[in-house]
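Sharing a structure with you now.
Letters are used for the chains, namely A, B, C and D, taken in the order the chains are written, and counting of residues starts over at 1 for each.
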Amino acid sequence: MSFELVMDADEVADYVSEVFPQSDNFGFYVTDLSPGLIRVRMPVNESHLRPGGTVSGPSMFGLADCAAYLIILAHVGKVALAVTTNLNINFLSKPDGDLVSEARLLKLGKRLAVCDISIFLEKDHRLVAHATATYSIPPKS
Amino acid sequence: MSFELVMDADEVADYVSEVFPQSDNFGFYVTDLSPGLIRVRMPVNESHLRPGGTVSGPSMFGLADCAAYLIILAHVGKVALAVTTNLNINFLSKPDGDLVSEARLLKLGKRLAVCDISIFLEKDHRLVAHATATYSIPPKS
Amino acid sequence: MSFELVMDADEVADYVSEVFPQSDNFGFYVTDLSPGLIRVRMPVNESHLRPGGTVSGPSMFGLADCAAYLIILAHVGKVALAVTTNLNINFLSKPDGDLVSEARLLKLGKRLAVCDISIFLEKDHRLVAHATATYSIPPKS
Amino acid sequence: MSFELVMDADEVADYVSEVFPQSDNFGFYVTDLSPGLIRVRMPVNESHLRPGGTVSGPSMFGLADCAAYLIILAHVGKVALAVTTNLNINFLSKPDGDLVSEARLLKLGKRLAVCDISIFLEKDHRLVAHATATYSIPPKS
């Protein structure tokens, strides 16, 4: 499947703060965007830490969901507001540093989009979580 | 499978603030605890809302994860610190009010515990999300 | 959510052999059907056994998928051919006998239906697997 | 994470018929094996077709499960018999030809292994399904 972007990284970045109000707190930042692929960086701060210094599950869920949402947005545009219908996440190892989320489009249909998301530690590229997510794309009105 | 509690609701409730530091912000509150079943209430506040007034995905993920964690805790005790290895969540409808999460133990093995979690609107019991989660239970040392 | 049947157990049963050609080999049999709930029985035979006498994963997947498919069929009718988009299954214990699959509708929307499926041993009601599945419902033409 | 093979493709191939008795019917065939990665080919035949000529869900589940099982086997050896605990599969498009399943190890721990599996059409590399699976690895006795 070949994919075509309809927004560039700056347009997507501008849109982030709008849709993910918490993204500013989280410091989510789009570092790469190309057809079918996005990378979103999350610098770790106190708000998403658990005792022991690991990043909380909800924070990683939020990062995976955000990256997947943005890669879909970049391919379908703002007209349609995609809604998460399913997210399956595997936690693989304890993260102890800034994270990078890499989301790839597996499918972009008229009604459903499916993404594969890997979350890495930025410092050594160790994989800490992996998710797949499905989004419902409402009909254009 | 029959299940046996090793902690009561108060002991679990005391433990919540310890392990889920964000639970106080979220106002998580254990309303019911019986063998194999727990209910956790989450009053909705500004911090977990999205534009349009719906509860954010990460907030619901956190509520599901918390309820599952607590039902396992109540059955294995504090000795072992269960770790989420997999969580699969389906978002079914838009929540617009206080939420109740009901977690049931499907399996409690020596190494893995599996839970089924339903998230309802408190006011009309409408199902807004459903999850299943797997936790790894470390060996007792 | 309240659900309303548009087909009865016999109509569904007749339709099974048509859509699931392997269902005759498998001996799938609808034992109960009520709004939002179906039970499908699978007598175990040589074709779905693994060495050691346990039922194979694909056989349990097929049973879960079939029960979910049929409960949706019974509520939307034959006009629309639902397609499995996601199935998440947890294997909980080794099955060693005839199985019963119980599928409940969690959501029946215009475009997506979501089911929760429990697979039990018939003889002692032990839970051997649990699944959730999402189906896409094509627009009526 | 770096991975190290303990069996070569031939040893794995020999073992397939033993553990997956149905693999001979299915014609599963290991085409590639390297650290962390395996490819398994499944020529489509009558036994896994649905009306309309598409490959059945259980057949694709079986192919995903088999590829994941074999990549773990190739890295841990025959001593331990890995057991599927969770499999999440997304069906992306209708397959109409021979399939190739590519499984990658995401994690190989002492107790759990997690794999990512992509199923492609052999003729044009179109992605038809994607799965993630978790296996429990029993302690060596």
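Quick note on the criterion: contacts are C-beta pairs under 8 Å (C-beta built on N, C-alpha and C of every residue); 3 or more make two chains touch, one makes a residue touch a chain.
Keep in mind it's a predicted model, so treat the numbers as computed, not measured.
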B-D or C-D - the one linked by more C-beta pairs in contact: C-D
For chain A placed onto chain B, the superposition rotation in degrees, Cα atoms, nearest 5: 180
Chain at maximum distance from chain C, centres defined as averaged CA atoms: A
Chain C and chain D, separation of their C-alpha mean positions in angstrom: 24
Separation of chain B from chain C, taking each centre as the mean of its C-alpha atoms, in whole Å: 27
Length of the line joining the C-alpha centres of chain B and chain D, rounded to whole Å: 33
Residues of chain B touching at least two other chains: 85-86, 88, 90, 134
Residue ranges of chain D in contact with chain C within the complex: 18-19, 21-22, 50-51, 56-59, 61-62, 65, 83-91
Contact set on chain D toward chain B in their complex: 85-86, 88, 111-112, 134, 136
Chain B residues within the chain C interface of the complex: 1, 88, 90, 92-93, 106-107, 114, 116, 126-127, 130, 132, 134
